[in-house]
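Chain IDs A, B, C and D follow the sequence of writing; residue 1 opens each chain.
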Amino acid sequence: MPQIITGKQAAMMLRDNDRIMVSGFLVSGCPEYLMECIVATDVKNLHLVGISTDYDDRGVGKLITAEKVKSLQVSHIGTNKTTQALYKSGKLDIEFVPQGILMERIRAAGAGLGGIFSPVGVGTDVAEGKETLEENGRKFILERPIRARVSFIKAKTADKLGNLVYSKMSRNSNPVMAMGSEITIVEVDEIVETGEIDPEKVVTPGIFVDYIVRKGE
Amino acid sequence: MPQIITGKQAAMMLRDNDRIMVSGFLVSGCPEYLMECIVATDVKNLHLVGISTDYDDRGVGKLITAEKVKSLQVSHIGTNKTTQALYKSGKLDIEFVPQGILMERIRAAGAGLGGIFSPVGVGTDVAEGKETLEENGRKFILERPIRARVSFIKAKTADKLGNLVYSKMSRNSNPVMAMGSEITIVEVDEIVETGEIDPEKVVTPGIFVDYIVRKGE
Amino acid sequence: MEKQNKRDMICRRIASELKDGDYCNLGIGLPTGVADHIPSDMRVYFQSENGILGAGPRPESGMEDPDLINAGGGPITAIPGASYFDSFWSFSMIRGGHVDMTVLGALQVDQEGSIANWMIPGKLVPGIGGAMDLVSGARQVVAAMEHTDKYGKSKILKKCNLPLTGHRVLTMIVTDMAAIKVTDEGLVLVDVAEGFTVEDVIKATDADLIIPDTVGLFN
Amino acid sequence: MEKQNKRDMICRRIASELKDGDYCNLGIGLPTGVADHIPSDMRVYFQSENGILGAGPRPESGMEDPDLINAGGGPITAIPGASYFDSFWSFSMIRGGHVDMTVLGALQVDQEGSIANWMIPGKLVPGIGGAMDLVSGARQVVAAMEHTDKYGKSKILKKCNLPLTGHRVLTMIVTDMAAIKVTDEGLVLVDVAEGFTVEDVIKATDADLIIPDTVGLFN
């Protein structure tokens, strides 16, 4: 069962060199308030897992601009000039992961799998050094789980048991990131009473949520 | 885009020796009307993939009782005496698959994966002859995708684009089976106009559905 | 002791291992009774692997819904705050270590922490169901069982001889005679059931037992 | 020809490959235009990998929703019958062969059907995004691109020298000069763009082209 805490309390859970996941796709579904709370702390040298680094001044990009991040596992940095500059100057380590495979690797961690055989990137740099499997003439490469210590995610509504509902396309990486870390902290627009969300509509069951932060609090 | 057809038309698509998947967990979520339509055909020697074989006279058990099935990939047969008797007398080949791993293997087929490394059944008969992976002292076994030619699934409501909504716990194996076969045929209680299902509530998007049968038609 | 009393005692002892806010999956048969022994001031959320978190008690007669059933097919209800999901996510939840405890019946268990509960070759072949996933993934894996079979032979063995459901997966074994923790060192006798002595338990157990200085009592 | 006219021509030619009822994913940039050239009596459903099936056109100004965006971050709408899903299922859909066509921009393509579109070492490193998943899974993989770079050099090579996005994955290449099918035998010139001859295309192409007896025209 989750606890309701403040954004500051959430940010203070981080330690230097922590591995974190931050949800969202070009800001949609990103816990921006929590990003601001992290920027306000002294934490440094974070390892960040995310789909992209959003924009210089928006979304998870705020962590990059505030120089909180030393390494990344990410699928795309094209919308963030700071990320690109830091990468080119060698100040940021990046592992580029195909977007769907990033989701698979996080889900593998959250679902207790040892890895998956992926058809993506066979014959490209992504396949280098990875074990392969061949079946009916198709080649697959072994992709390992990606875990973190803390996931920061964003939902529209949580009930007090942590059941989550998202707004439209903002769910993107949220459901898998809710599973992939030891601790999951969700930023929400509103918290409703238990029982107010129809069991059919719950997208992320509360079992995956450890802490709830109401945006701005 | 799916086509609306009759149960008889759906059943007539089957050929002897076909591999099929049938959804449901102890009848909940099973396309029972389609089972009756298949029983009424001459098709034989089906290979059946499912969570269980339900009961002798209900659910997918109707195919077993009608002797339409020659082999099974299944997690549980304890509720069906006919299945157990046929198995003991050697008339039915069965591969027992742990229930969650059955879902993973079907999903792997539907999602283009070559396999997954599973922690389930390590050190048991299920692991026999399978490749292994060791990581941080934990062992995993390679589980291969399970595909079929036709999936028969059951939803509460479909719109004309094949978007599906399920009743309560009846979704069970439906969403993964909708992906795992070349052809997916869904039996529904009702068909509504396109646009009547809220995009947030769609559980199985229409892209996975090829044919829709209204129950009883 | 009557059979129902025995069962209640086993389930009560297992329920005492749960903490407020825990998520728990109960196997069919004997384990189902654990839900009846949760203290009223404690919130425990029951997961059923066929697709619900927040399973509630059996509905009143006439209110059964065929799409609200437990893993044994029996009718259940959904408590406020419940959620439905498909079997793919249900077992992801289970295997990924998100469920705090699973309680399963057993044909045999052994001192390595292995459990056999899915078949007796040539006789009983119900199949694996969700048990193999559950024992591989839940944080605590508890076997709920009778200590001996109908011939008085120990079901807690040095090594299981039936096909295994899980190899070295148990964290606890609770029977009508004893509560036993499974540790890296072996089976530790924690409590004996009222009416039995430590010696009784040792005598009725084929497996080696580690006997600590103090052994508790449960009833 | 003006740049916009060129782009329209490329997109129109690609749109003509789609069938009624198809599901299609459009990459950012040039490919986005394909949606504007679907005949009005044809239903094509657009998937955006960030989580929608049934993406509709840009909303009117002031009606933008930050949670309704395409893969490039631009505002979109949802058509009646649309569905939302997370990225895990979105890419399962893509990799599993459920999407009929993906259209992607390209820096280079080659006669083996390989495509490079995610980086120029030392210069441009936007990252992979969803492109690698898309080329590995969609039933038809179409490159939409200019035939030559700004120095007039062919972007259709014997072998790509930039890091690959996909190895032997393309089914078609459409440029401002030609529509080319990728086959097991090599690149087959299907159509030339109005204003060009077969000879023009051969001269502007580094890759070997197979020229069938009849070559069509598009505009």
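A few notes on this one:
Rule of thumb we're sticking to: a contact is a pair of C-beta atoms (placed from the backbone, for glycine too) under 8 Å apart; a residue touches a chain by one contact, two chains touch by 3 or more.
Just so it is clear, the model here is predicted, and its values are computed rather than measured.
The set of chains touching chain B and also touching chain D is given as A. Taking each chain's centre as the mean of its C-alpha atoms, the one that lies farthest from the centre of chain D is C.
Look at where the CA atoms of chain A average out and do the same for chain B: the two points lie 32 Å apart. Centre to centre, using the average C-alpha position, chain A and chain D are separated by 29 Å.
Rounded to a whole number, the gap between the C-alpha centres of chain C and chain D is 55 angstrom. In chain D, the residues that reach two or more other chains under the touch definition are 52, 78, 84-85, 91-92, 95, 136-137.
Annotation for chain A: residues 104, 107, 112-113, 119, 168, 199-200 touch two or more other chains.
Chains touching one another, given as pairs, are A-B, A-C, A-D, B-C, B-D.
Remark: chain D residues 20-21, 23, 43, 45, 47, 52-54, 78, 80-85, 91-93, 95-99, 136-137 touch chain B in the complex.
Contact residues of chain D toward chain A in the complex are 48-52, 65-69, 73, 78, 84-88, 90-92, 94-95, 114, 118, 125-133, 136-137, 163-168.
The residues of chain B lying in touch with chain A in their complex are 104, 108, 112-119, 133, 135, 138, 140, 142, 144, 165, 168, 199-201. Those residues of chain A that touch chain C in the shared complex are 1, 107, 109-113, 159-161, 163, 179, 194-195, 197, 199-200, 202, 205-208. Listed in rising order, the residues of chain A touching chain D in the complex are 25-29, 51-52, 74-79, 84, 87-88, 96-101, 103-104, 107, 119-126, 167-176, 203.
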